[in-house]
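Common to both upcoming complexes is chain A, partnered first by chain B, then by chain C.
Moving on to the complex of A and B:
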């Protein structure tokens, strides 16, 4: 599995870790990782520290995640992307839309 | 001369007294006294005579030398006149030559200064044109390279946002498609229930046919009905199969849709990333080029008035030609004065009628006259300007 998701004990933290390639093949798993969480005020952390490659579908998936987060008034944090991934996020101007922690 | 005669009379008188004393009085005292007096008078007379002789010798010497000096003075003055004449000519020629050289040089320098000024202005205009050309990209709207890079950057950003939105929409489509597939699966479940009903109906119809056969002639009509029901159940099963096949086809189409949506959603961002990097580098380059260009333009625009000033100073400095010419002219006047004296010296010939003394007097007079003329000329000299800094002179 290239995706691991973990909910904290109090249910206020959802961490999604993506390994290696973040592309279209993961779209169903990625959606499944957050779709069932319908509680509000949850901080969603997308850990990209192990992500090596990202294409435009990954950006689309992140935007869908953002829509979901906004729907349930939560927060979205992208954590520790590597240089290449961070550049892609910059080109997509995601730093204006969400918090990116380097 | 009367002194000598008196002295001689006194001497004779004393001698007479001595003789009388020697012969008649025989007074020794008077003899000694008179003798010593006579000696003194004689010594005094000798001194006087010698003095007169000396004076006479001196007078004869002076007479002899004055004739010699006249000749010497004439020859010296003649030499002096020749020397003066030659020197004046040389100085005059040199002065003329200098004036000519200065004039030529000044004309040349002046025109070269003017050319320099024109060329500098021309150069400045050319550079301005060159700079305005390098800053634009050559389209009709005269847009700058900076605008072009900015527009490209904007286009790239728009392109990226279009790609991302496409991906997002595709993924949404994908989730809808997945839901549709789930719906299909639900339909399959319902279909299998319908199939169960059909097979039960079939079984039921078979039982009914068996019961009708046992009833014999009375159940004949019922057997027909049972048979119809059975054939209906068979048709229903066939219909179920057809529906299942159609839905399977739809599933295949959905699989194709899925792959094409995947292609649509998954765009590789690497090339976009590279383009963006190149754009950033280009932007920085354009900025630095623009900055350098603006700095150069400012420096150049400061340079032009500096060149003009330098040329102005140069041209103003050229009025030294005018000053030099006036100086040379007054120098020539002075030379003419010296010439006048020289001409007087030419007339300083040995003439029997006029003595050297008179000639020297007339020379002295002439000298005084020329000296006064020169002084007047000097005080009302046309060149009052002693320094070139004292006045502004327009270009000539």
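Moving on to the complex of A and C:
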């Protein structure tokens, strides 16, 4: 499995880790990782430290996650993208739309 | 016999067996054709294209395995006519061999009619599924082809200056989510767009039509690049689902202003090369892709750079730098820049980059669309604007800067009389913040088109209005000195300062610019067009008044300085007013330079 997700014991942290390639083939799994979490004020961390490559459909998937997070008044943090992935986020100027922690 | 009756081919060297199987198949509503050896079985298959094949194994001339192999080869992957082996050899080997040869099932004699029919039904079910999938695939293919045809024939073939702008376009799937557009503004400037919709295929194409329509229509009406971008963003935000968006770079190239206006939202860096292939400027993405946010970010701004006419702008989508060689290496920015530089020197950026890419990628599968546009910074207006710069031919003396007082237009030039009162007047008075937010020129041009009809000559009027309005705003209301623009550093300083002062306009509601247009069509006098010939000559005069709330300037000395400087070709500024001067019959400054009156005369002979 290229996607792992876990919820902290207090239910306030949801972390999604993506390994290797983050592209359209993960569409369904990625959605499944967060869409049933309906509690509000959750911090969603998208951990990209193990992501080697990301394409533009992944950017679209992140935007859908952002919509979900906003709907339930949570926080979204993109965490530790590598240089290649960060370059893609930078070109798309995603730091203007969400928090990216290097 | 109904058309939906299925056809079965029975291949068996025993006539008896053929007869038996045929009867059973006919009871299942099949039509049946028969062959008595493998070779003629293959021929019959080719001739009749059956829905089902029953195949004996041991036959003269060609056995069932070989015949099956050939049939499978002929029918290709997608086109499954199921083949069932009928045999008395009840061994594992027979079963394995028949599957290896491409058989879909095996039926061992002896079997009861009921078992035979059940087998036929089950295998036909698979065949039906395959043909359903095939049909769906074909429909999808047709849709994709339609989308591609639409893109290439309808959208991109109508681009402006197709022969001047170099293009690479290689789609990953049949339809590419990449789109490139070029269109000419009424004043001769050129707008170019290179964009990349998320995803591929039909899914990526839904935004293409509205983007194209908006880009073309607004460019044609004379809206500024920024207004077009804002509108496209609004439109795509409303139209596209949450995970679809549009990465795009925009450029507006003004030859007479010698400047380029650039906006990059989500594409890799754009390049400005000089003719020595030195990178003069890189245009980084400064905004998230379009269609994500309901409005552009508040600090979104167009980058303005001075250009030489021999410069080239190059935009790319990410497919180029992310193209891979067979061993997985990325093409990357370095290789791209190297190829582009050679291309600039050899006057063929698209060709050079494409060659390098082909050598690099060889047969590796292309994962993403690859698109590049190479835009020259001049040469767009050899005919069109040259025509529109010339003043109406009937006017012999168009160069006068300031005829004092009223020019006599009572028919001296045209042997025509003007009405004394204008046929119509139009006034637009903008104050404070509206001066920043509203571009009055397209509004005015729309009115003119509605009132006086469309026409080529309005291109010149558009240029005149734009230049005079921008002058009134920049040098009048905002109090900017155009001498700043004389150096390349000052050039960007000028535009930074301009943006800053525009933002303060909301605190100055008393600042204003007032545009008044008075239109005098030629009276339709018949006295001259005597009985011999009905010469229908149309034309008229537009009297333009633009008044601003600024401090004014020393009109005479500036104009003198401008005209000498321009003759010696030393200035970046002042070209606008020079152009206006060429287009207008008279241009006159009054009230200490805060009021300009220009008269534009046109005529058309049919």
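Keep in mind that, in the parts below, the second predicted complex is superposed on the first by the 102 of 102 C-alpha atoms of A that agree within 3 Å, B and C clash if a C-alpha of one lies under 4 Å from a C-alpha of the other, contacts with A are read in each partner's own complex, and residues count from 1 in each chain.
Rule of thumb we're sticking to: contacts are C-beta pairs under 8 Å (C-beta built on N, C-alpha and C of every residue); 3 or more make two chains touch, one makes a residue touch a chain.
Just so you know, these numbers come straight off a predicted model, no measurement behind them.
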Overlay on chain A: chain C relative to chain B, clash or fit: clash
Touched partner set for A:64, first chain B, second chain C, both or neither: both
Chain B versus chain C as contact partner of A:11, first or second or both or neither: neither
Chain B versus chain C as contact partner of A:56, first or second or both or neither: both
Contacts of A:96 with chain B and chain C, given as first, second, both or neither: second
Touched partner set for A:31, first chain B, second chain C, both or neither: first
Steric overlap of chain B with chain C in the superposed model, located at which of 41-49, 77-85, 131-139 or 347-355: 131-139
Chain B and chain C footprints on chain A, overlapping residues: 24, 55-57, 59-61, 63-64, 88, 91-93
Footprint of chain A on chain B - complex, ascending: 156-157, 160-161, 163-172, 174-175, 178, 262, 265-269, 272-273, 276-277
Chain A to chain C touching residues, read off their complex: 24, 55-57, 59-61, 63-64, 67, 88, 90-94, 96-97
List of chain A residues in touch with chain B within their complex: 23-24, 27-28, 31, 54-57, 59-61, 63-64, 84, 87-88, 91-93
Contact set on chain C toward chain A in their complex: 196, 198-199, 242-245, 247, 265-268, 285-289, 292-293, 297, 318, 368
